[in-house]
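Presented sequentially are two complexes of subunit A, the first with subunit B as partner and the second with subunit C.
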Partner chain A sequence: MNQTAAPPPIEHQRTVLRDGLRLDSGQLIRPLHVAWRSYGTLNADRSNAILICHALTGDQYVAERHPSTGKPGWWANLVGPGLPVDTDRFFVICANVLGGCMGSSGPREEMTDADGNGLGRPWGTDFPSITIRDMVRAQKMLVDHLGIDRLLAVIGGSMGGMQVLEWAATFPQSVFAAAPIACATHHSAQNIAFHEVGRAAIQSDPDWMGGRYWETGRIPERGLSVARMVAHITYLSEAALTRKFGRELQGGSALTFLEDVFQVQSYLRHQGSTFVRRFDANSYLTITRAMDYFDLATEHGGLAKAFSGTPTRFLVASFSSDWLFPTSESRTLVRALNAAAARVSFIEITTDKGHDAFLLDEPDFHRALGGFVAGAARDLGL
Partner chain B sequence: MMRPPAPVQYVAKNMRLDLRLIAEMIPERARVLDIGCGDGALMAHLVTEKAVDARGMEIDMKEATEAVANGLAVIHGDADTDLAFYPDDAFDYVVLSRTLQAVERPREVLSQMLRIGRHAIVSFPNFGHWEVRLKLLLGGRMPDTETWSRPWYETPNIHPCTIVDFVALAEMDGHVIERWLAVDERGLKAPWRRSVRLANMFGQQALFLLRRK
Partner chain C sequence: MNQTAAPPPIEHQRTVLRDGLRLDSGQLIRPLHVAWRSYGTLNADRSNAILICHALTGDQYVAERHPSTGKPGWWANLVGPGLPVDTDRFFVICANVLGGCMGSSGPREEMTDADGNGLGRPWGTDFPSITIRDMVRAQKMLVDHLGIDRLLAVIGGSMGGMQVLEWAATFPQSVFAAAPIACATHHSAQNIAFHEVGRAAIQSDPDWMGGRYWETGRIPERGLSVARMVAHITYLSEAALTRKFGRELQGGSALTFLEDVFQVQSYLRHQGSTFVRRFDANSYLTITRAMDYFDLATEHGGLAKAFSGTPTRFLVASFSSDWLFPTSESRTLVRALNAAAARVSFIEITTDKGHDAFLLDEPDFHRALGGFVAGAARDLGL
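Then we have the complex of A and B:
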């Protein structure tokens, strides 16, 4: 098991932007690769485009079978023909984030010099520090490349929600409607702390090799798996864990005082082991740091200022049992939007499924988001 | 001061009476905040009939979700705490229909309404109605009427007031009453149009249009 090799490379559809991207850190990534998928048809005046932003470990395969795991798209219950984000009506785009490992520029891709020449090795930990705003700028370059001036909507949950907020704050004229879901305007100390445990797990795995694991062909499987296990606990609520597993034992009715007796243990291990087959450890380090740096208020000189005079309409939604991005964070955002006299809708969905709820079948959330998108389309005359 | 209200083109048949009367007071293209908007019936009416820029606030999550699903800009929020976050003069009209008697601090809510809006429209059930007075006088128990139908131990209406009480509060806090009317449940406005005291006796619902001094 410890000798797991890196997954075979997959061909992702991607756009190469020759001029590259200047990062918040001042560094230049040239050329910039943006891997993306789209669903539906762009209309003649290019006004029906919706951008979906994915979360930390998500990717661009939002509404189709995943090429490496074979699983349905991560938001296939929300994005598709006749669904709340209706691909019969809208042109839906989802791009792999900058720093990701599904074809966009990131630690797993070939390192380039300032002139854009390939150096014959992956970036690894030499990939520069990036921010959520860098991710959004990369997406903006793709959207510009597609000739789209204004997106009908930008929608995302968790880290995707952070990108939505960054889109609205940085490119307000390019976003007609924004739906930041289950997120916050900054990463809290608790959020950062959990990420740090995950990073420490990866870095303490001898197979990580100081980030140069591509040299051995192995991957820091144990560290990445532990990182995923810790993170996965934060995505669920106590009630959800109790409902799913309680104190149920593995294949027995009495405690035997052997290892791995509880069902929740094998569940977490399974989560960890499937994750390492599809995700890159250095990408995990890069992206979690970008989330930790995120603080919209500091970036824009105050929250109200980030949105002052915004032409964008918002739907903010949170989930009652989400303790990673609790409703109080969404309420802070809503109050800042009210202070900016923005047109904002806000609901908290009652659920015991924790942070994960944004990905699951939550009918009230789906109805609300569908109504919000349909309302925006109606007001644009689509 | 006040723009003349546009004539009502169309009135939703199943819309609550006080909402229909409120809609008549709001001119086209106004910026409106509807506090306690429920599922957004008034907002939807104002948007389609008067091209109003309507925002809503609702404390009941189910109703707020319904309104958002209908494409309306509604936030889940509480009038007692959330009005403070809006800037001055954000709206032309701030509406509070049948909610004043249920808020924690009605006086503060009224002041906030007239800070963030140039006008406030307030409707409330009149506790001074003769039936209420008679039931308390003769039965000696909390009145149980068509309007006040919940028992005292579970009513959300913690701050009932009469029309005379409301006029006195407006005067005390320097709010100008531009228009007012009292109606019974069936919407008959006469015959106590002029007299506050008569309205206080016979009106089941009161509706006030206020502005700042």
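Then we have the complex of A and C:
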């Protein structure tokens, strides 16, 4: 049986918003906690702020060592001094999403009643269903709290890109430039299906205990690990998996009929087992559902309406071997932006690295994003 | 906890081969049980026999109602009186693969010692590792036992296609015509990865009990169900999933933030839950590993050597939206057959139904296969 204990709590820097947030579901989260990090300095007229939105399993530690894994920031190759998102020039904010597990209000945090009183137990599965728009509203409250009227840019990939689109559609006057990367205007049936497998794996784990695993001090390690394994496959291309592992055998020897005979097997199991130490299972359920609900057209009465009259400029980027959010989805978005007379650039980066490419060293992508941000700054007189 | 009991045993028609089978691993299975069904009549000179090879979760009930699910045979649209594989003219054999769970030697059957004595418990995970070639050797023993020197045709899709290739490479004089459909000459890294997720899910289920679940009378229902869910996604195309479900909501109502809000979710969970009633978890582990090991080139010292001087004629068929065994894999096979001066036809069927298309009503495919079989019969003077 499972012996892995829940990870020790980490103190995350966070802002407490006393009035709370009314969700799309109608429920109130009060107070609202937003955990966030920033890099660089906000200028006097508060016009140089860039918001980075993270993906499903990302967090606010975009450009610094992660406090629990010790790994570099997840976009440390893109965000930092002298980098395409230049923290010498810009004030870069990254907030843990609503529903996350790194200090923002979410299933792992203490449950509160309608008056904001703590109830002495985690939300767990009683945390309300949330949407991508709810995540963005929480970020907007933080940005307002910081006294920033308009963001120079909002940038994000994958689920982060969904948030970028929601920012532009919901708060167009607050977004000067938007870069939705490796994403889509809705989650596809196949993507919903892969998420459902992950959720079924978590919910099948007896250690999940109907979501009340905090009562035991253990975590549903096996189910969460399987969920991570299947998701991880969708982040890589067939070519990337083949190049990394092909049919290479463990130890390089001949076929021995061992259980884990191929290197790709131990790699995947390792991906699963390291993930469980840093991520909360109920957060995984909550956030994957929010992604599945995402459908910008339905929310805003059509894609054309979502962006009608938008003042925002866009950079849409896709990666040729991304089969989770294929280029065709970005083209649909670009057509809608064109139809709305938006200012939009589109690049498809040729790479065989799959969806993961948005996190990797892709010079063409980094140059394009750097140019896009620099151009926006120039046009704002920064 | 899991309350599903193991399904009641079914008596399958089978042949007991006393001498047993020596496996690629070196182990001996004695006696060897081969469960099989046949349709039509074997002619006097035993020249009209066609062997159908089934896929991972298929079985010998290719053209008749399944004894446990009550569903029609899995290829009842292709095999039967007057159909492309015409049981009015041909003697059609289909055997449960070695390692399966429908009566052939496999993890669910009684374990035997080296002398063939029953040990009063199932093999479970003590069943040896097997290869696709072992499956084919078991079928060859059955065919020999029936006094058939040469099969008019060997036909199969997916893992069935792997067996067809192995038949042609290992027993070329016994195969007049071969139709490998929707398959490849080796299992790709991505396919191994998806299998590994399924195996991890089964092995993570506490009811699996290290493979000894027969001791409890229960089955590792949750793990096997998750394994089936992820596999099922790979059998369908994105387009097929979207056409079937799109983002359709349960009950057709507005977004309600229920757990299973999308139809695709309940469909997948249903696929998982029905599967566990008919399939054995340890068989799933054994057979998926055999597929992962499959690499015809390595086994035979190169693809050219595998088919060098082959007397067999081939029909290779692929389906345009199959991303599990994409057309590019079939082209690799065709090039190797061309290089070996084999007689080979190749068709790619245009369909948006994904890998599953090989089981569905695809008129172009059925016409091509019917013509191929009829041509082979004509050239043998049948």
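One rule holds for everything that comes next: the second predicted complex is superposed on the first by the 380 of 382 C-alpha atoms of A that agree within 3 Å, B and C clash if a C-alpha of one lies under 4 Å from a C-alpha of the other, contacts with A are read in each partner's own complex, and residues count from 1 in each chain.
Throughout what follows, contacts are C-beta pairs under 8 Å (C-beta built on N, C-alpha and C of every residue); 3 or more make two chains touch, one makes a residue touch a chain.
Remember, predicted model here, so these are calculated numbers, not experimental data.
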{"item": "Partner chain in contact with A:Asp88 - subunit B first, subunit C second, else both or neither", "value": "neither"}
{"item": "Partner chain(s) touched by A:Arg269 [first = subunit B, second = subunit C, both, neither]", "value": "second"}
{"item": "Partner chain(s) touched by A:Asp126 [first = subunit B, second = subunit C, both, neither]", "value": "neither"}
{"item": "Partner chain(s) touched by A:Asp113 [first = subunit B, second = subunit C, both, neither]", "value": "neither"}
{"item": "Touching partner for A:Arg367 - first (subunit B), second (subunit C), both, neither", "value": "first"}
{"item": "Footprint overlap on subunit A, where subunit B in one structure and subunit C in the other make contact", "value": "none"}
{"item": "Touch list for subunit B against partner subunit A, complex", "value": "53, 55, 61, 64-65, 67-77, 82, 85-87, 90"}
{"item": "Contact footprint of subunit A on subunit C as seen in their complex", "value": "1, 25, 128-129, 186-190, 192-194, 196-197, 200-201, 204-206, 222-223, 225-226, 229-230, 233, 236, 238, 241-242, 244-247, 255, 257, 261-262, 264-265, 268-269, 272, 289, 292-293, 295, 298, 323"}
{"item": "Complex contact set, residues of subunit A against subunit B", "value": "313, 315-316, 334-335, 338-341, 343-350, 364, 367-368, 370-372, 374-376, 378"}
